[in-house]
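Next, two complexes with subunit A in common: one pairs it with subunit B, the other with subunit C.
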Partner chain A sequence: MITVIVVCVFGLVFLGIINRAKSVFGGRIGPRAVQSIWDVVRLFKKGSVISTTTSSIFQLAPSISFVCVIVATLLIPFGPYPAVMHFDYDVVLFAYVLALSRFVMIIAALDTGSPFQGMGANREGLYGMLVEPAFFVLFGSLSLFTGHTSFTDMFRELHLGGGVSYMMAGLAAYIVIQTAMIESSRLPVDDPKTHLELTMIHEVMILDHSGFDLGLITVTSGLKFAMYGVMLTNFFLPHNVWLPIALAIGIVVQFAFAITAGGLESFRARFKMTRNPQFIITLTSIAMLVYFSVLILMHKIGM
Partner chain B sequence: MNTLVTKNGESFLVSEIPFVPYQEFTGTVLALLHDYNNHVVHYISLKSTSGILPIVICIANDATAEIHVVGFEYDTTTLRSIESITLHNAALHIFERDLWERHGIAYQNHPWLKPVRFPKNSSHGQTIDDYAFFRIEGGEIHEVGVGPIHAGVIEPGHFRFQCVGEEVVHLEIKLGYQHRGVEGEFVKARNDVQRSVIAESIAGDTSIGNAWAHAMCMEGLRGITPDHSTQADRTIALELERIAIHMGDLSALNTDVAYQLGSAVFGTLRTPLINYFQHWCGNRFGKGLIRPGYNRFELTTALQNRLSEMLDDINKQYTAMAEKMFNSPSVVNRFEGVGAVPENVARKIGVVGMPARTAGILRDVRISHPFGVYGKAPYPAILLHTGDVLARAKLRRLEIDASMDYMQGLLADPRSAYEARPTVKKMPPRSMVISMVEAWRGELAHIVLTDEVGEIEMVRVKDPSMHNWFALAQALRNTPISDFPINNKSFDLSYCGHDL
Partner chain C sequence: MSMKFGFIVAVAFSIVLAVITSVWVMPAFSGVTTLTVTIGNLVLHADAISAGMTLLINTGVILGALYGVLYLAPYKNKSGTEVFIHAASFFALHISMLFVVYMRDVVSLLIWWEVMSVSSFFLVLFDGHRAKVREAAISYIVQMHVGAACILAGGSVLFATTGSWEFSAIQTLAVGSEAWWWVFGLMITGFSMKAGLVPLHSWLPNAHPAAPSHVSGVMSGVMIKLGIYGIVRMLWLSNSPSESLGMVLLVAGAVTAVYGILKATVQTDLKRLLAYSSIENMGLLVMSIGMAEVATALNSPVVAAFAWCAVVLHAVVHMLAKTMLFQGAGNIYAATHSRNLNDLGGLVHRMPKTVLLITVSGIVICGLPPFGAFASEFLMYSAGIRGMWIENVSSSIVYLAAVVAMCVAGGLAIIAFTKAIGIGLLGTARTPQALHAEERSKLMLMPQYLALIFVVAIAVYPQGIVDATYGVLSNLSGGLDLTGARASLVNIGQVNIVLLLGTTIVFGLRRIARSNTIIERGPTWGCGFTAGDSRVQYTATTYGDSINEIAGGKIGIVHDYHALNSEDVFPRTRWYTSHEVDIVELSVVKKITHAISRGIQRIAIVQTGSIRAYISYAFVFILGIALLTVMGAL
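On to the complex of A and B.
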């Protein structure tokens, strides 16, 4: 339950914090972090324009996508505090509700019949597919390490101690941050601020959405970020931590994550589109390092 | 070779131009263009009398600072078909299309005879709605159309891509949405001031360049040579315009690759540069500064000091940011090898200005056909060879550096006050003048002709974009479609300069 509350609170301001961090790094004052809330409120108040070439899929997709992210959030524990839903192999459900969320957005984009959106959908599908192995190798390794297959049990059992396990946590954190950046279509793979349709990935898919639907999509991407933020926190929460301290750590991690994301977006350019697949595949190889650390820790292979 | 030889900004009589049979004309043109030092400046029709249309070509020699002019006469009553020269030299394609569009000249074997500007009284009979786009058929091919409203600068241009997946096989650029009739307005205008205002309004980002090119024509016709201080001030204005636009372009290039630091810093530095014109002449774009024969606002000692201090200040911040940007692996990686126009392609299509100088062709009017004070105070030659987006970005950086030094040099020179404004002399009848100015985009050419009584009969304007739009289309060949925006920005060609 704590996860849901943290995700809901930070989901609303997460994009605002990133934007604020980016403007400060860029030497500007920038909008307040809560601006992202007002943007969503403004969108919710607006009416929608719906293209006549689209079918009901187009209108359903943002809501389905939103629900998928909420369902995924329900599966994430908060350190030792269990998730709302937990059962064996819920890791698989997590991966595929997020995939379902992406799938409905892709078919909604194709539904509009616009060549831009077709291109965006194509790219989103490819990158989503490439990021999947990294996720499964990472959580497969953790599941091997802890002997459990649900997030709640896995994170309850995850004890850090000794050099290799810190390295493992560091690598896992890196993978989660990069996965979140890719899933949320941020730099260096995508640029949420670009106005150039031909270079867009996620943004171009939602070009036709307006009003309430667009607001929902914005909220969804904020929630997704905050959800990965909680997952990141889980790697660093000690085993038997007092709730207020756990919350404090959670809040610090969320802020640090948002500011890191802002920093990552401030001081670098995005990749050439053709380099993106190579970059995403490197995440899988880093996940393989986690796998080998697990094997070492469990004395399955010698040092 | 039977041609009239003239120089940049020198007037001559139309009757001096040799008009030869078309066969000989083709031979002369191809022989001239065979020499790499020569390139086409303009290829235009003059005023037709009783069905006979005189057509002249101006070819500039970059080594000798000469301009060759030769023409042929075309009978518009019979519209006899003539062999296109484009097949032998692609640089002429746009000019032949323009002539076909204006007069219905029946070119044989022109590979790409399509409308250029869709003027109201065109002879081709095509409207903008039934433009015949090039199409590639095939199961894997998909077509993407962008425009005609440009998302960034809000100028109309339509880009149609034939793609295989992410890769562009062919890009066709269709312009001609703005029917402004600029050249006609010049003739309707009653005096020098009106014509100067029109020249300044051809393209908002090149108002100094166009105003000067027009003034140079008028001065050439009237035989006026402005004094050194006037010329020096115009040179400073032109270089200031150059660095302001280059700075804005560097900012925009960084925006397009999501490098927000560069985008913010260069964007901030552009503002004081462009605003300096406001202090100098009361208009941010330098409108109202240059008039035929004189400048309306002298760069006083106070203004000179202010400019010099501002340039010093900007130079520090600019150098720091440029170092950072060009040493940032992610930015360099994004730009490198993207949209290369190699030297052989650039030569074939006859590019001018920046795309030429990044492809190893030193085509710079400031050096080859000096005007203003460029003859006395030479501008350094800047030449790059890779022809990609990185080279076009680097060239901007090098030109900003060079222009800042150059301006400081001019400001440090002792100068005398402006001489009295010359009295307006009458223009000679049946004369013609060609002026070329190296504006920030490249070679800008104005041609002015007078009639029997010495009144303006025709003004022809050529923006460097006329040559270079085709280079952008070439740059996109077999390039990912996602690289189009940075390519487009790195060329930063003019829509309104094209759609006169």
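On to the complex of A and C.
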């Protein structure tokens, strides 16, 4: 339940914090972090223009995508505090509801018949496919390490100690951050601050959405970020932590994550599109390192 | 004679057969008793596995038959003979598939196996006036015979070793002995030919598009699963599980799954795409069987239970989804006379029901929630992740590889089916045929709605399949404890309901929130480009190109292009085309057939056509006989 509250609060301001961080790094004053909330409220109140080419799939997709991210959030615990919904092998469900969200957003983009959105849809599908093995190798290794298969049990049992396990947590955190960045189409694979048409993955896919739907999509991407933020927090929470301290750590991690994302977008250029697949596949090889360090920690292979 | 009428007779026969066999196998379904019935010299046996297959076959065939009645209605110019052959073959396919699962010795199984191959050959040949169809059908029948020869060879080894043609003689072979490997290697190769495992799959992507849609639905949804049945039956009969055979199956399945769906992403022909997706799903099934076999050998019943439940559930859901998809493709073909995704588009406004059915079945076949294939893939992942815990490191790595193969295949499936749906059905029409497509009649959509009802029922109550097929499952897994797998399915069912309800609620809220706002309709935003028409849309070819690029152009996209030479001073007409071939077909099957035909051509030089040559052959022959007689050899 704590996860849901944290994600809902930070989901709304996450993009605001990123923008604020970007404006500060860029030497501007910029809008306040809470501005992202007012933006969404404004979008919810606005009317919308719907393309004559589109069908009901186009209108249904943002709602499905939103529900998918909510369901994914329900599976994430907050350190030792269990998730709303938890059962064995729920890691698979997590990956698959996000895949469903991707599926419907892709067909919604193709529904418009626009070449730009087709291109974005294609890349979204491709990068989503490439990033998935890293996720499964990472959480498969953690399940091997902890002897559990649901997020709640895994994060409860994840006791770190010794050099290899810190390295493992570091690698895992890196993979989660990069997965979050790729899934949300931020730097280094895509740059959302360029003009819409040039932002060739997520932003171009949603060109035709307006009004309520666009608001829903914005909320969804904020929630997704905050959700990965909580997942990241879980790697660093000690197992018998007092709730207020856990919350404090959680908030710090969320802010750090958002500011890092903003910083990255201020100081880095995005990769060439053709280089992106290579970059994303590296994540899987890093996840393999986690797997082998688990094997070493469990004395299955010698060191 | 009207095509429709002739076919209705076959359908009536099929329904009667389906009812009789379904009722007959019911007592065996619970897994307690086995049934035997003797008709003349024919002895039919049914145990729980046969009973499960019977229901699968009957459901698939009846759905295909009902669709076939209306699908065939426009073919009015077929002669009486053609109608008779098509209808009789359809019924023969049904009965032979059923009898294959009732046979208990190699020879009688092969006879029905042969009937199955030949009848489906005639069904594929329905549009035999087209050269491509003939070529596909002949390639199909030849490859099926290679498969049958493998099964026969395996059976012969069995007979030579044990003195019996009965499958049960397999139990007397020591697992891992040389004879065991020959029998299992040859027979599983033969069965894999039918199932379409890489590299024995090359008939499949040609035969499925060539066949009329009601037949390809049955072939893909039901017939190729008999290959899986054969493999399962062999493992079931073996007296103890073999880790190495399980590993082989697991790896072969994983390779098939990834290769199949990788090829699906670069297809432009809708039915060929679906055929490759069938290869993927057969790969997933065989991979699951492999996981179960390895787990049983390594004494990990939890993994085996997950994997076996996944096999049964996936086989059922795949049958339903493929039936819907092929019939949907049939609807589109009937309306536009095209299967090429690049000629379609915008069908959502013309054929909304067909598009809805294809979209739902597309989500099903990708294994996404909230539908049934998610439940089976969830169990497969569970088996894979749990299998990583197995003590020895090498099997842990193999299970990890299985998980990676599954998620790569899942990701690629999303690309393949968003392409089929997004490019083929949505957007704007690319050709006048697509623009003026008409929705099919309600009656023609009925079999798809029937399948949809099953699909939704499995989505909200997936544990129902495990309960219903409990006898089959306990038989398959050797009486394993299935409570863990069942509990997982209960959870999945609840999540599916949450997803469906959640979407309804959010969509309802959206409706309320938008009720006070102004909703306008306008053209798609073209980023300032106002001259856009349907040709600016992404095509199926470009959509698959990114995958082709990552694969280094090695997955069979052939470019036909003549580059400019230095001597070409004046421009001439140039063209550029690209098409897709199966690399296994090109580099293995075609090579073998070319070698054979070259050999035959070499022998054919004796056929000179001149009478003098033939007289001299006769003379040499007589002389030879005379010489041999004189020398006392004869």
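What we mean here is this: the second predicted complex is superposed on the first by the 300 of 303 C-alpha atoms of A that agree within 3 Å, B and C clash if a C-alpha of one lies under 4 Å from a C-alpha of the other, contacts with A are read in each partner's own complex, and residues count from 1 in each chain.
Following the convention adopted for this analysis, a residue touches a chain if its C-beta (ideal position, glycine included) is under 8 Å from a C-beta of that chain, and two chains touch if they have at least 3 such contacts.
Computed from a predicted structure; not experimentally measured.
Using the contact criterion defined above for the overlaid structures, shared-chain residue A:F116 touches subunit B and also reaches subunit C. In the superposed model, A:L295 lies in contact with subunit C only, and not with subunit B.
Of the two partner chains, neither subunit B nor subunit C is touched by A:I2. When both complexes are overlaid on chain A, the residue A:L187 reaches subunit B alone and has no touch with subunit C.
Judged by the touch definition given at the top, the superposed model places A:A258 against neither subunit B nor subunit C. Between subunit B and subunit C, it is C that contacts the larger number of residues in subunit A.
By the touch criterion defined above, A:A172 reaches neither subunit B nor subunit C.
Judged by the touch definition given at the top, the superposed model places A:L232 against neither subunit B nor subunit C. Once both structures are placed on chain A, subunit A residues 115-116, 118-119, 122, 196-197, 274 are touched by subunit B and, in the other complex, by subunit C. By the touch criterion given at the top, residues 22, 25-28, 115-116, 118-119, 122, 187-188, 191, 193-199, 265-275 of subunit A touch subunit B in their complex. Residues 44-55, 57, 60, 63-64, 66-68, 70-71, 85, 87-93, 95-97, 99-100, 102-103, 106-107, 109-116, 118-119, 121-123, 125-126, 128-130, 132-133, 135-137, 139-141, 143-144, 147, 149, 196-197, 207-208, 211-213, 216, 274, 277, 284, 291, 295, 300-301 of subunit A are the ones that touch subunit C when the two sit in their complex. Every residue of subunit B that touches subunit A in the complex is listed here, in rising order: 142-146, 151-152, 165-166, 254, 256-261, 263-265, 328, 330-331, 333-334, 338, 480-485. Touching subunit A in their complex are the following residues of subunit C: 345-346, 348-349, 352, 355, 359, 363, 366-370, 374, 377-378, 381-382, 384-386, 388-389, 391, 393, 396, 400, 403-404, 407-408, 410-412, 414-415, 417-418, 421-423, 426-428, 484, 487-488, 491-492, 495, 498-499, 502-503, 506-507, 510, 513-514, 517-527, 532, 534, 536-538, 542-543, 546-547, 549-550.
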